[in-house]
Structure formats: structure tokens, C-alpha cells
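For reference, the structures are reproduced in the following blocks.
Across the two complexes that follow, chain A remains constant while its partner is chain B and subsequently chain C.
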Partner chain A sequence: MKELTNEAGIEVPAPRADGARGTAGELPPERPEGGRKKRRSKLEIRESRIAFGFISVKLIGFIVFTLIPVAACIIYSFSNMDPQRFPNTLFTYLGNEKFWAGFKQYADLFTHPLYSQIFLRSILNTVLLMFSVPLGMAGGLLLAAVLSQKDLKLKSTFRLLIYLPVVASAVAMGYIWQYLFATEYGLLNQLFGINVNWFSNVHLTRLAIIIKNTWGSLGRTMILYIAGCLSVSDTYYDAAEIDGASRWTKFWKITFPLVTPTTFYLLVMGIIGNLQSYNDSVIFAPGSQGSQTVVWFIWNYGIYQRNYGLAAAASVLLSIVIMALTVLQFKRSNKWVYSV
Partner chain B sequence: MKPILIVLCVILAVIAVFIAVYYILKARALREKKRLSAAPAAGDAAEEGANAKKSAADVFRKYDRSFVLALSYTLLALVCITTVFPFIWMLLTSIKTIEEATNTLHVVFFPAEPQWKNYVDVFEKLQLLTGLKNTMIVEIATIPIGTFVSALVAFAFSKMRLRHKTFWLLFIMSGLMVPYASVLLPQYKIYMMAGLTNTLWPLILPSFFGNVSMAFFFIQFMNGIPNEMFEAARIDGCGYFKSFLLIMIPNMWLAVACQVVFGFVGHWNDFFAPSIYLSSNSPSSTLQVRLYTFAQNADKPLLYAGAFITCIPLFIVYLCFQKCFVGSLAITGIKG
Partner chain C sequence: MRKHLKFISVAVSAALAATAVAGIAACGTKNGGFVDEQGIVHLTFAGRSNDSEEANYEVFINDFMQDNPNYDIQIDWSANESAYMQKINGMGSNLPDLFMLSDDQFIAFAENGLIADYKEFVDMDELDEQVYTYAAEAYCYNTETDLYGWDKDDPNCGFYGYPKDQGPLGLMYNKTLFEDLMEKYNQGKPAQMQISLPSATEPYTFDEFIDVCTKLKGEYDGEFYPCAGYDLDSAIYSNNADYFTPDASQQRITDNNFVQAIEFMQRLYSEGIIAPRGGTTGTDETAFINGRALFYYAGPWKMKDYWKQISFEWDLAPVCVGPAEGAVSTAYVGSMGYCISANSQIKEHAAYLAKYLATYEGSQRSQYRRGQAIPNLRSMAAEFSGNTKGVLSNETPKNRSVWIDVIDGCGQTKTAQDGVTTYVDAVTGKYRPGRFTYSSTWRTYFAQWLDGQGTNGKSVWKGQISARESLNALAPTMQNWLDEMKEIQNS
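The block that comes next holds the complex of A and B.
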């Protein structure tokens, strides 16, 4: 199955074009009796109208809160938008020559002496901070493998405690980790008797954020991998047992290939989530150059410094990357992903 | 005590725990083996002898596993300590004095005298109650309507005939692809023009129109409910909306409850949108924004007292509804 998720980690299915399993893309079965086609279609039209009424609320919301803003954002990215210079609605400026900037904002992102360096650094930061995704996945898989041993006791207690950080608020977590990493009175420095300033060095800041985010994602990846492991049929393990396979072989030859759907899902979703990370830039390591991500850039130049054009150009580029990844997740390649 | 000694002690403690668990497990396995090999000695049939051999082999395997199990327990315990430790540290810091919390010479693990009055102070200094009130307004305004609309949308997609259903589904679903950052600027400008920044409306309004991922969760859940129930209701003259209210909702209250819990936790923890729409000193800032503002120049113990208080409702919700957090996976299932 193809899935998407929201922040809470709820799995939701993507529709399947072939409608193989009873997903939403599938129409309810046609009624068997033929002949009186006209009457049936009348009923169907009525039902269809009511159903459309049911979804229309969501449609309005989608158009107002997503479609129109996206269109406006694309227009901004080709303009000199500044809410103080152009305070009215967008339509009044469409004929204004001073409003339009062409590809200037996109060019500025990469060549402007002031912005380009910061933008490129924010891209680098965003990419480097993604190291926490594979690390968290590896940790989650290990924990899931350990926790799926049948004769292990206290499983639910372990699971409960390991999942705890996922529930806690990002703000509280950011501050407690900031305190743990603090230079002079931080527990980490004091415990190891070192005096490292984690937030002054770009690389150390990134390392600290990666450690923190790996820790924060363990619970989520673990739960999903446990679900993935549960869906692997016992017969494979029984067969391997008869053949005398070791625990190690069973894990690498059976479990690991069979949970690739989970792996792929977690990888893509982790990348998408990390592309939009922002909290660490303002809570955990504010002002540190190693923590400034692309969304921070958009926030800083758009909302804070009112350079909407530049920020919109950055967000259009970010959206393109995220959309491409989402499509990839939908069209999940079958090459290395096991599917039934 | 020198810091490096503490680290050494921790490592030694881990090894000690491992060895202890290993020997306990080993002793139990040995006892089991003895018991099993003693029992069939009384038996005389050849069949029993074979059984004994088999169970002895089983026991041997169990005996063999005590090492792996001890290793597993130690690893899991270590991971649990690291996941829980920041919370414990938060609690410990919150009851220290400022001097203890920011002692640069050595770590103070336990405060000499617990400063419980930090928790009293923080209510006033952080204006916790105002933040709590605002957060609760957002929760109460958004969750019932948002969940209802999402469920209604899911019902239309799952149980009703709708022309161009696949198109509409993809249309709505494409919203999941759009990152929040790209709708942020235009939305912010509109809210600014309408004078709604620094009010709770920007946080509440979008939720009135339902949540796409919640709707998908419901669609998946509703597909598991047989269509016959609704067909029967229709034959009896029950309207679509009525059958949604009277048949679907009672059948999916578990899914609804879980989504409400997720919605609660999500809104409670939301920081990005509130931090943009609500300026730091606005009287309508939510709990997380209050905490963020407070942190800019607060004493450490007070800050962590505030942080811990904001986490407590989450812990309670998590403990009460832990089945939702783990069990929702079983409903939707993540399979190949």
C-alpha cells in the first residue's frame, strides 16, 4: 500500500488506480440488474450530488487555504512583493510594471552577494541535518528487531518509554536539549569533563541537532518497523528454521527485505519532514549558522524582513522538491521495494 | 568526583546489569532443563523418551538464548534511560535554585532543597493560564468541527457513489504535497490585511474545513465497514446524512477517538504557525509561544518548570490512549 502521513504519524493510504483493495478510488459495485438504466442513473445522480455536497466543505477549504495561496506564492516569486509597498490585494498590481521582477528573485537566491551565501548555507544545513533520518531508521529497526523476539518480557513497557519523546512538544524538547548541550553548565560537557561550545561551531551545531533528532525519531521509526515486522508471515521464519538459518541470516535475508516498504516510506517521509524543519533554528540553536534551514530562510526573509519575493522564490523551489518526493512516494519504485 | 569516573561507573553499571540479567536467565533455564529431564525419567515408553529428547533440545535452545536475551534487555534498558532521561532532567532542574542549575564547576544532580515554589512562580511569570486558555480555545474550536467535516468527506468517498471520484480524491489529496512554507506568505498577508494577526483566527479557521490526512485515515477505516449496512438503511428509507450520523459514527467511534487524541496532541504541540501569527507579547499567544517567549530571558529552573508543566497533559493523554498511538497502525496497517 502507498501511504502518506501527517505529523502525528497516522498512516493514510493513497488511492490505487487499479482499486485492487477496497480503497477510496474504487466505486461501489454496480448493481447487477441491467436494463432500466435511466432510473438507476437518476438515483445515482442524486446520490452523487449529495456526496458532492458532503465533500464541498473540504473543497472550499482546499481552494481557499491551499490552491489560491499557492498561486499567489508563485506570483510573488516573480514579483517585488513587499506588503508595505504593495499593501492591497494582489489583483490591483497585476498591471503594475514595478510589481513584476521576472526571474530576478530566483537569480538572487543563487547570485546575490547578500542572500545567496545564506540561502546556499541553509540548503547545505537542511541536507546535512537529514543524516538523522537514516540514523533514526537504523536505530528503530534494531529496536524493532530486538522487541519482536517472542520470549522477551516487558515489551509494552519498553515500547511505551521509547515512544515517549515523539509525544512531547518540540519546544520543551528543544530547550531541554539546549540545556544538556550548554557550554559551561551543560550536563554533556560536564560529564565528560570537556568544554566544547556546541553552538559556536557550524559542524558541532549540526552534529548536536543530528543527535537530538535521531533521539527524537527513534520511537516513531521503531513503532512503524514493529508494524512492518508483524506483517511478515511466520512461515518464512519457520522455513528458515528448518534450513538451519542463524538469527543473523534470518534478519538480513527475511526481515530486512520484507520491511523495505516501511523503509522506503520512512525514508521519503523523513526527508520530506526534514526539508520543512524549522524548530531547531529558533529553539534549539537560535542564531547559530549551522542550524539555519530553508524554512528558516523563508521565515526570516519573508515574514521577518518582508522580502516576500525572495522568500516566495525559495518556497517555490522547496515545494517543487517536496512534490517530486511525494510523487516518488506514490509511484514507489518496485525495484528494491518488496511488494506482495 | 571526577567526570570521567562517573562515565566509568556508568559503563561498569551497564556491564553489571548485563551479567546479572544473564545469570538470572541462565539459572532459570537450567532449572527448567533439570525439571524437564527429571520428569520423563519415570516414563517407560519409547515415545516419551523421544519427547524428552525433544524438550531437552528445546530447553537447550532456551538456555542458549539467555545471552541474547540479556543483551536485549540491557540494550533496551539503556535506550529507555536515554529517552526518559531528558524528562527526568527537566523535572530535576525545575526544582533547583538558579545557582544549582547553572553551576559551572560540577554537576548538581539533586537539589539540596527542592524548590517547589518554582512551580508556583512560573504560573505567574509565564502567564501560563492565559496560554492554556488560548490553547484550549484552539483545541475546542477546531477539533469537533474539523473531525466531523473530515469524517463526512471520508463517508462520501468511501460509501457513496460520486462522479469522478478518483479525480476529486486526487484533487483534495494534492494538498498533502504542498509544504506549509509555500502557503504561508500569502496567508499571512491576507490575515494581516484582515487584521487577524495576533488573534487565534489564523489557527482556527483552516481547521473548520477538515484535515486531509485525517479524512484518509477515516476512508481507510470506513472501507473495513460492510456496505450492506448502509444499503439496508437506504432501503428502509434512511437518508445519507442520517445513515452517516446513526450508523457510521457509532461504528467508528474508536477511530474518531484516536484522531481526536492526535488532533489534541498536534494542536498542543503546534509551534510554527502560532509563532508566526502571534507576536510574543500578544494576549492571545498559545502555550508553546508563551514558553518560547519566556525562554528568551528566563532563569533555567523556571523555564524547565514551565516546560515540564506543558508536557504533563501530553503524558496523561499518552498514558491513557497509548493504544491509539500504537494501535492505529493495526487499523490502517503498513504492508507491502
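The block that comes next holds the complex of A and C.
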């Protein structure tokens, strides 16, 4: 039997050919007489019950508030669900052929002559508005690098000021930025002496949202990057100092790679959050074509128009995209995320 | 300690399970009221509007309960249409005893049997005397013929709601700016070439409107779009056109009158009367409120906002009339009704409250005084238009009679010997198109199609396609849409 050692140099038995635990060649422990499982002790049973009691709190919540709605959403996505036409519980209509629509709702999202273009535009908007994620991360990293310097005065005040928007209400922020971009009395137009209606032009609306969201995410990304920067050992910098590395080299060759776990976290959460973006469609730039995101489409063309089937189909697609992107990011993370 | 842990975990999970079960069970509870053993009527009432209207309704309901001490009304109020309809939709068939329903949502509720036909509790003759005919019959609907209107001899003709209010549009203009530009334009011109203020009784024709706007635009110093926006439905109706036949079974968007109305709207953009779509200098309601436009459109429900927001003098004129034969100024009219749940156990009591709210002088006067609606009652038309009781908290607009004219003549037609139907008044109104179909979604898509958001991607307003080409391309889809809705309606 080949002896193996782990990283600490301790001998460990080789894995068994059948994949079970134990030393290769050993027989599995015999079952008690009659082939029955060993009876659990009273203590084990009691502990299991207590454990289940604690798990059940979460489990019931998960079943009631996540699993059942998700299952209902998937079922609705294959239906003509309209709350006036089918006003009773879902089970009442399972055998009603008029209730079922097959893949019609999915097909309509991409082919319907009236709203498929709007759905596709909402996808485009959602993707373009995600530019605020890397911009916010880059800005946050820059601020973190500056505000992590030991000799900087008033750095706590600066950190506080930059972090403030994170704890402010997103709705309030939306309205305040709306004032800043207003045509008639907006600060931006007044500052540059222009009379631009930011919300009547698709591209300008997108730009305005990206600016607003980049600003809004700076505080959060900065604080996480500061935590990341502070966790980098000084020994790396001391070594680089001895080698005569410049500030930029130290940042680019040491700080940047070693905060990639933070970058990865921010990227994953940022993409998930932005794919679910809705606030700007209804608060910051309501009615503007450039602000209409996929979630806005789900609400406006599905739920609000009583076409729950369409809303459910779009929701299912959105969930699949979010899951796929997240899985992809995790799969690719080993190529660029360092572990400290 | 272990015992405690076990107890806590079991208790928490039991409580959570009970909450979940109760929550699920609550989905099946009735939202309707009942009469208790003491004879007290417990009635549920749901509505929507802003805070000030909610406060109004609390007063009305309190007045009602003081007059009728055996009633206990529970109000469920929502601040906006979106939240309200979400709530109502979520109730399924367990609706409140009495609730407000927008006219463009009405058919789906009536056809699916969610709201009650409560004609047995209504005296139609009395109602006809009290309120405008069209308002009285606003929620009279025949589920067999799919047509609105009252026919006491037809058992299929149902009465589904007292009218809450009628919301007609009028052409709003900035009187201060108009007079200023008019004065500049009229200088040195002979009387016959001069411009005068818009009339309250004689609407502009489509051409006159464009002409006046163009002339006054020339007098404005700087970039200026005279009209902040124009109502599409009013333009279509005012050219004796409609989206479909009266039973909403056949599309009519390719009719000449319809195309002509869209061409009028297209001219408003192409001739710089309305700001270009998607441009960087947009005009909208805000532009009008800020005094940067001459015209916009408004319904009576906007009065309370404009009293606060507008600092200049503004007034009303009828919407413009098109050149088509038989066309009269026909403004868009929206409405809400008081409907009763089909499952209500106390329909008679709900009908009694609905009648009180729709025809009660106190509530009607209070609504118009606060700038929220025009009165349903014919007897109040003069006091509203002339403020003879002195209760209007603000006199603007002076030409309030325009809104009354729209409602008064709303839908009244005459049919000539050759079978051509025309309106009897020069100024009238017609209910919004979404009211006549099972769902009003198509209307949103229609507007978006013209704006180039459909699969053809060409905007009529930007001049990328002619009105006729665009409408011809949409016609088959529009017909399919109507067919689908009819199929659902008749299934």
C-alpha cells in the first residue's frame, strides 16, 4: 500500500478503490445482525430533532417564500395567466387547456410585433447600464488606494463622506439626481450653460444613469477595497521597496493582484444587482426609453398589463441568465483571482 | 439548557409553520362584508387616488355613516393606480364589496363575472335625471353584444357601476404668454389678419391650430416649441375616426379619417410645433408648467396640481377639430366606476353606498372645490362653471365650461337618412379606446408602434415612415389583437 503524506507531512491512508473511506483492501465494517442499520442512540435522535427544529425555521421560509413562488413562476411562464380570467388558485386551472400557452410567452418575448423590440431594448439597456459596475469598482479601488495611505490626513472624514451615499435611500438619491439632471433648473445644465434634456434622448439617459450609479457604488466598493488593501501584508511592500519599485509598480504588481478576491466579489454582486435594476426606470428617469430595464419590462408589460405569463417567462429567462453568468464567473475565477 | 434549546427550536418552528399556514390560508379568506346579529352592515370599500382625495373620501364615508348609523365601512385606499390594480388583481374573485374600477379595466371584470350586475338596486330613470346621460350609462354593458348602453328591455344589459367621475380633456393654453406673443404678432396688422385668444366654444381646426402656433412661434425669442404635447385619441376622435368598429371587432386604423388624424399629429412634429422625439430639447408637461410652451392638454383632475405649480394665467379651449366630414371637437374622456363584487353578500348595501358617493351633493361639490373632478350632477354644472356658490378654491381655468360641454355632449349622436352618424354638439367627448376592449394593453403598443418601437422600427413622429405606411403595416397585427381579445371575451 502506497503511503501518502498530506501538506503537513503526516501519513494518510490511500483512498479505497470503491471510493469508501478506510484503507484499501480492508473490508467495510460489518452490519449488525440481520443487515439492519445500527439503531441510533436516544441522544442522537434528540440531537437530530433539535437540529431539525433549527433548520426547519429556515426550511419553511425557503419552501414558502422561495421554492413555491419559483415553481409557480415556472408554471405561469407556460400559461396565459390573467388574474381576471383565472381569478382562483392555480390548481383550479391545471386541467383547463385555455390556461396553458406552451412556449408562446417565451416566443412572444422575441417575436411579438409590438413588444419584442421593447424587450430586446430592455436587455440592451440592462447590459449597457452595467458599465457602472466596472467604473464603480475602478473608482472605488483608486479611492481605496489613496485613502489607505498611512500618512494621509483626514482620511476617515473622506471615507465617511464617500461612504454616505451607501446608507442613503436609493429612492431619495434617485430624486436628488433627477434634480441635478433636470432640463430647466438642473445643476448640470446650469453649470455648463447648456439646455439639454437628458431624459428625452436614449443615449443621454443611459449616460446619466451610468454616472449616477457609478457615483452611488463608489462608497461600497471603496470600503471593501480598503479592507482588501489593509489585509495585504506589509512584507510584500517592504520587499518591493528594497527592490526600488515605484508607487505605481507596487500598486499594479502587489495591491491589484492581491485584492482580486474583493474584485471578484464586487463583480459577481454588481452584475447580479444590475441585472435586477429597476429603480432608475421608475424614479430617476421614468418614461425614458434609455432607462427601461428587463425588470421594468417584467413589471410594465407583464404584471401591470395583467399578462402574468409573459412576466413569468421573462423572469425565468432573467434568472437563467443571472445563474449562468454567476456560474461562469466562478468557473473563470481560478484564472485571475489570487488567494492571499 | 438542552431542554430549553429543544423547546425554543420547536416553539419557533411551530410558530413559523403556523404563520406560513395562516398566511396561505389568508389567501382564501373573503374580502367582502356581512351583516352581523345586531343588524350592523360591515362593508368593505376600496379605492385609489392621492392623499387629498383619500382625505375627502374619509369625510364622505364618515358623513354616510353618520346618516346611516347601521353601517360600518372599512376603507382600503391605495395611492396610485399601479399599486391599486396590483392589489385588486391579487384578490382574485374575493373582491371588496364596493370598489373603484377604471373604465379601461372594466370589460375584463364584467366578462369574467367578477363584478355584479346590480340593476335591481338602481332606479335608472332617477339616475338619468341626476347625472349626464353618458355618465349614467357609463357602466351599462351587454355581455352578449359587447356593447355599452342601457336598454331596460334587454335582460342581457347589465348595470355594473355608478360613475365615480368623468375625466374629459381640454386644450390648455398659457394665456399670459399667448397674449404677449399675440400682441407682438398683431402689431401693425389689419384686423382680419390678427390673432385672437382661443375660443371656449369654437374649436380650432387642425390647420388653424398649426397656423396659430407657427405664427406665434415666430414671435418668440429663442428656441421654442409652442405645443408641449397633444392627445392622440382626441386628434383621432376629432376627425370622425376610431380605432375599431363600435363592438371592437374590426380594426379601422387604415380608414382615411384615421390616417388623416395621424398625419396631423405628424405635422405637429415635422413643423416644429412639438419638439422632435428623442431630441435633446424635449418639451412636455414640465415645459408648459414652466411657461415654455403655449399649449398642452389637461383634464379636471389636474387642476389641484396646476393651482400649486403654475404661476401664470392659463385657460381652456376645446380640442381641435379635423377636416373630415361630420367631424366635431371630440375630446378623450376617462372614467372610473363604483363596482360591486359578484361574490358580495351585501350587494344591496354596497349599491346604496355607491349611489350615495356618485350622487351625493356634498361629495360632488367637495371634489370639484378641491380641483379633483367635475361634478357628475347636471344640477351642479352651472355652479361649477360660474363658481356661483363661491366654493372653488381657485378660479382657474375660467373656461371650465369646456369640460362640462365635453361631458354634456359626450356620445350623443344623430343618424342622418343616409345612415351617417354624427355628433349633435360642436364640442363633445368620447371614452378612451381601452374601455371598449378586453384589455387596454394594445393602446400602449399602438402608441409605441407609431413611435418606432415596434418591429418595423420606424417612427412616424420622426418622419421615418408615412402615417399610412405605418398604419397599413400595423393593421393585421391590430386585427389579430382584436380577434384574440374577442376570443378571450367570448370563451
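As a working rule, the second predicted complex is superposed on the first by the 289 of 340 C-alpha atoms of A that agree within 3 Å, B and C clash if a C-alpha of one lies under 4 Å from a C-alpha of the other, contacts with A are read in each partner's own complex, and residues count from 1 in each chain.
We adopt the following convention: a contact is a pair of C-beta atoms (placed from the backbone, for glycine too) under 8 Å apart; a residue touches a chain by one contact, two chains touch by 3 or more.
Predicted model, so just to flag it, every value in this text is computed and none were measured.
**Q** Given the touch rule stated above, what does A:312 touch, chain B (first), chain C (second), both, or neither?
**A** first
**Q** Under the stated touch criterion, which partner chain does A:289 make contact with: chain B (first), chain C (second), both, or neither?
**A** second
**Q** In the superposed arrangement, which partner chain does A:100 touch: chain B (first), chain C (second), both, or neither?
**A** In the superposition, A:100 touches no partner, neither chain B nor chain C.
**Q** Contacts for A:201 in the overlay, against chain B (first) and chain C (second): which applies, first, second, both or neither?
**A** Touch status of A:201: second partner only.
**Q** Considering only touches as defined above, state whether A:193 meets chain B (first), chain C (second), both or neither.
**A** In the superposition, A:193 touches chain B alone.
**Q** When the two structures are overlaid on chain A, which partner does A:61 contact: first (chain B), second (chain C), both, or neither?
**A** A:61 contacts both chain B and chain C.
**Q** With both complexes overlaid on chain A, does A:118 touch chain B (first), chain C (second), both or neither?
**A** Only chain C; A:118 stays clear of chain B.
**Q** Any idea whether chain B or chain C touches more of chain A?
**A** Touching more residues of chain A than the other partner does is B.
**Q** Under the stated touch criterion, which partner chain does A:83 make contact with: chain B (first), chain C (second), both, or neither?
**A** Touch status of A:83: both partners.
**Q** Please write out, lowest number first, the residues of chain A touched by both chain B and chain C across the two complexes.
**A** 50, 54, 57, 60-61, 64, 83, 87-89, 184, 303
**Q** Could you list, by residue number, the parts of chain B that touch chain A in their complex?
**A** 2-4, 6-7, 62, 65, 68-69, 72-73, 75-76, 79-80, 82-84, 86-87, 89-90, 93, 101-104, 106-107, 149-150, 152-153, 155-163, 165-166, 168-173, 175-189, 192-193, 205-206, 208-217, 219-220, 223-224, 227, 240-241, 258-259, 262-263, 265-266, 268-269, 271-272, 275-276, 288, 291-292, 295, 300, 303-304, 307-308, 310-311, 314-315, 317-318, 322, 325-326, 328-330, 332-336
**Q** Provide the residue numbers of chain A that touch chain C in the complex, in ascending order.
**A** 46, 49-50, 53-54, 56-57, 60-61, 64, 82-85, 87-89, 98, 113-118, 121, 183-184, 195-197, 199-202, 204, 289, 301, 303-307
**Q** Under the definition above, what is the set of chain C residues touching chain A in their complex?
**A** 2, 5-6, 9-10, 12-13, 16-17, 20, 23-24, 27-28, 82, 85-86, 89-90, 92-93, 108-109, 112, 114, 223, 275, 277-282, 284, 286-287, 290, 292, 439, 441-442, 444-445, 448-449, 453-455, 457, 474, 477, 481, 488, 491
**Q** Inside the complex, what are the residues of chain A that reach chain B?
**A** The touching residues are 1, 3-15, 17, 22-25, 27-28, 44, 47-48, 50-52, 54-55, 57-62, 64-66, 68-70, 72-73, 76, 81, 83, 87-89, 143, 146-147, 149, 151-152, 158-173, 175-177, 179-180, 184-185, 187, 190-193, 215, 218-219, 223-224, 227-228, 231, 247, 258, 260-262, 265, 275-276, 278-279, 282-283, 294-295, 298-299, 302-303, 308, 311-312, 315-316, 318-319, 322-323, 326-327, 337-340.
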